[in-house]
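Given below, in the form of structure tokens, are the structures.
Below, chain A partners chain B and then partners chain C, in two separate complexes.
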Partner chain A sequence: MRDSRYIITGLIVFVVLLTFPLWSNAGKAASPPQPNLDTPAIQNLEQKQCVEATEYMRADHMQLLEDWRNQVVREGKRIYVAANGKEYEMSLENSCFECHSSKTQFCDQCHNYLDVEPDCWTCHLEPKEP
Partner chain B sequence: MGMAFSFILVVILILIVALGVLVPGLQYFFAVVVPYAALLTFLAGMVMRVLKWARAPVPFRIPTTTGQQRSLPWIKASALDNPSTTAGVIGRMALEILLFRSLFRNTRLELHQGSRLAYHWEKWLWLGALLFHWSMLLVVLRHLRFFTEPVPGFVTLLADLDGFFRFGLQGLYISGVTFLVAVTYLFLRRVLIPQLRYISLPADYIPLFLLLGIGSTGILMRYFYRVDVTAVKELTMGLVTLQPVVPDGLGMLFFIHLFLVSVLAAYFPFSKLVHMGGIFLSPTRNLPNDSRARRHINPWNYPVPVHTYEEYEEEFRDKMKLAGLPVEKEG
Partner chain C sequence: METSRRNFLKAGGACLLGLSLWPAVRVLAGDGPDVKADAGALKGKRWGLVIDMRKCWPQYQQGCRDCMLACRREHNIPVIDNKDEEVKWLWTEPYKNAFPEQEHAYTPAAIADKPFLVACNHCDNPPCVRVCPTKATFKRPDGIVTMDYHRCLGCRYCMAACPYGARSFNFQDPRPFIKEENLDYPTREKGVVEKCNFCAERLDKGQQPACVEACRVGALIFGDLDDPNSEVRKILAERNTIRRKPELGTHPSIYYLV
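Up next is the complex of A and B:
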């Protein structure tokens, strides 16, 4: 085999690069994020329920927040009626953080895991960590 | 024909996974077994293909002269197009792999006013191909955020730059859009140019339909019918730490996306897509043109039994003399 030195080296580099996630995580345990739901406001809820159904919140909360923002900023409406008839003030700081009072123990848990950094906090206030 | 066949094939693949994940217990198969099998097939297939090529004899340089070869000092040589040194070859390979230089030279031949031949500049294929490959590289690198924990800094940087514009509150990844646009262009090109359509086979359409499917499910599940991305990462981290778990709430679109990617990966080494490895082993690109400056001895030369003239004359001298033929040595 001609040039086997280069070809084999190339192949090894190729395989090592492609399996990077496998060897760089070797031996580690995959720990899913644990957003903390244990806040005083949630403790006081009769029904432990978010604004909308949990599956919807997990996948679509950015959509909900966008609707809220557009409703408030463009339409001037501030009250949101959820699917189950409950009413909420459409506010990032006064609703979401009312119940999820710790950003670091809730939002950031998932966001760090997935490496997303919403830029909301350049204008909106982060809740004071309890 | 080829197009209809490939389209139906990809639709069937989508139906298989869409119906399959509804069957209890089969989710594990599509989320764990299929991706692992696809990765193994991809790696083993690529290695085998490359080793097979490596065994092909390349006894001498094959100069494709798109530039002046190095010869006399006062003739200007083209160091990149016709390199005579290793550094030149590395330059030529880099231009080829990173910028598709040979596609850049593409021309279109047309007859004008009856019989006048004209060559046209044809840069669209080069542009489309460049856009497609670079977008795909960026998309794949950004996807590393699903496979690493913590996510390496360069992935974050790429995502920040790529997601400069907004779609709602989310970053709009430009490379995801250009990926889909470029694949669509490469597909339309095949369909709309009659000569190209004539030579297109299922092997050309299948990768395009797979990529179209992958790109569109990706965009749909990021911006329109969102999936639970946290659950997706739980799955992918389970896969890369070899402790696979299938979390609840993986969306249908995600299963389709993942299955099409798996099919593509498994099909890759056996399709025309292996040019990813092949480009590195192109003898017309990766050898310096020094055939005249250096003697290349065929490495697998073996002694060939020859019959020299001296031996011939020795054998037939008498008969030659009788016939009156001249001989070199008397007696």
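Up next is the complex of A and C:
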């Protein structure tokens, strides 16, 4: 094979560059977010439970919020009956933020960790943090 | 047990069909959480507004702007002084602009010189809805023409279609121009169109529109045009009212007593 020296060297350089992110970060775990949910409204709750189970909210809150938006804006239905029978107003401002009054703790920590940029905040007003 | 290739493929096909139908079955079974309208929500088939300009004018001349200020506060409307970029939900126009086809050389000065309160007419046949390419603007079953700002992509077809100039575009981020923030209601962002929504968010909770509630002389009367016993229908039956640009066939839901 002609020029095998150059080709093989080039291939090695290419593979090293390609795998750079893998080996340069090996063994260094990024610290997972630990949002602090300690807000006065949550402290006052007898049963510390969101509108649905924590696991569901963690994985599917974006779907829930989208369903809420469609129901409220399109259908004019504003009351959500949760699986446990409790009723909530379907509103970021008037329901979610009542408890989750700290955007930096509750929203940003995980969104930054996962590098997602939901565009809620260009219109929805975040609660004023103390 | 012997299986022929033919039967194996048949069984495989049946399984695939079942898998593809499963999501639809789950949706149709629908045992998920329930949503409902607020028990106190105002119910109407076609909301309408009667504006009694004769009650309004004396107050207006004394500087009353209660309805417009209430609307601005309720919906976080920015105050932008630049005429080209201002955002208007509820504002005033002179007679010749509000009722251009009804003006003539001998229109009484008592009318021709007066300002008229104007807003989105919540047309029964809304041209803005027809042209919206994303269905961001739509008509609710109760007749309110409203917007889903999440879906607005800022093409401004609706602004070209609306014969009343009732729509405003956010040429810039409106946040710095909002005087008092109402934390219970969102703002808009740069690049979307906005307009009066007849306070759909208040009606759904059983409240009257903010402008109607704010008017100190009761010049704004809100009600169901489809209900013969409603106050608006009684006024329409008794007194002569006019609408803006009726010749266009948009069938506005705002009526004026002049």
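Some observations on this one:
The working rule: the second predicted complex is superposed on the first by the 118 of 130 C-alpha atoms of A that agree within 3 Å, B and C clash if a C-alpha of one lies under 4 Å from a C-alpha of the other, contacts with A are read in each partner's own complex, and residues count from 1 in each chain.
Convention: a residue touches a chain if its C-beta (ideal position, glycine included) is under 8 Å from a C-beta of that chain, and two chains touch if they have at least 3 such contacts.
All values derive from a computational prediction rather than experimental measurement.
When the two structures are aligned on the shared chain, A:62 is found in touch with chain B, with no touch to chain C.
With both structures placed on the common chain, the touch criterion links A:125 to chain C but leaves chain B unconnected. In the superposition on chain A, A:3 makes contact with chain B only, not with chain C.
Touch criterion met: A:79 reaches chain C, while chain B stays clear of it. In the superposed model, A:90 lies in contact with chain C only, and not with chain B. When both complexes are overlaid on chain A, the residue A:22 reaches chain B alone and has no touch with chain C. When the two structures are aligned on the shared chain, A:71 is found in touch with chain C, with no touch to chain B. When both complexes are overlaid on chain A, the residue A:114 reaches chain B alone and has no touch with chain C. Counting contacts as defined above, chain A residues 69 meet chain B in one complex and chain C in the other. The part of chain B that touches chain A in the complex is made up of residues 43, 46-47, 50-51, 54-55, 57-58, 144-145, 147-151, 155-156, 159, 168-170, 226-231, 233-234, 237-238, 240-243, 245, 247, 249, 251, 277, 280-281, 299. Every residue of chain C that touches chain A in the complex is listed here, in rising order: 33-38, 41, 76, 138, 140-142, 146, 148-150, 181, 183-190, 200, 204-205.
Within the complex, the chain A residues that touch chain C are 52, 69, 71, 73-83, 90, 92-94, 119, 122-125, 127-128.
The touching residues of chain A, counted against chain B in their complex, run 1-4, 7, 10-11, 14-15, 18-22, 24-26, 28-30, 32-33, 55, 58-60, 62-63, 65-66, 69, 110, 112-115, 118, 120.
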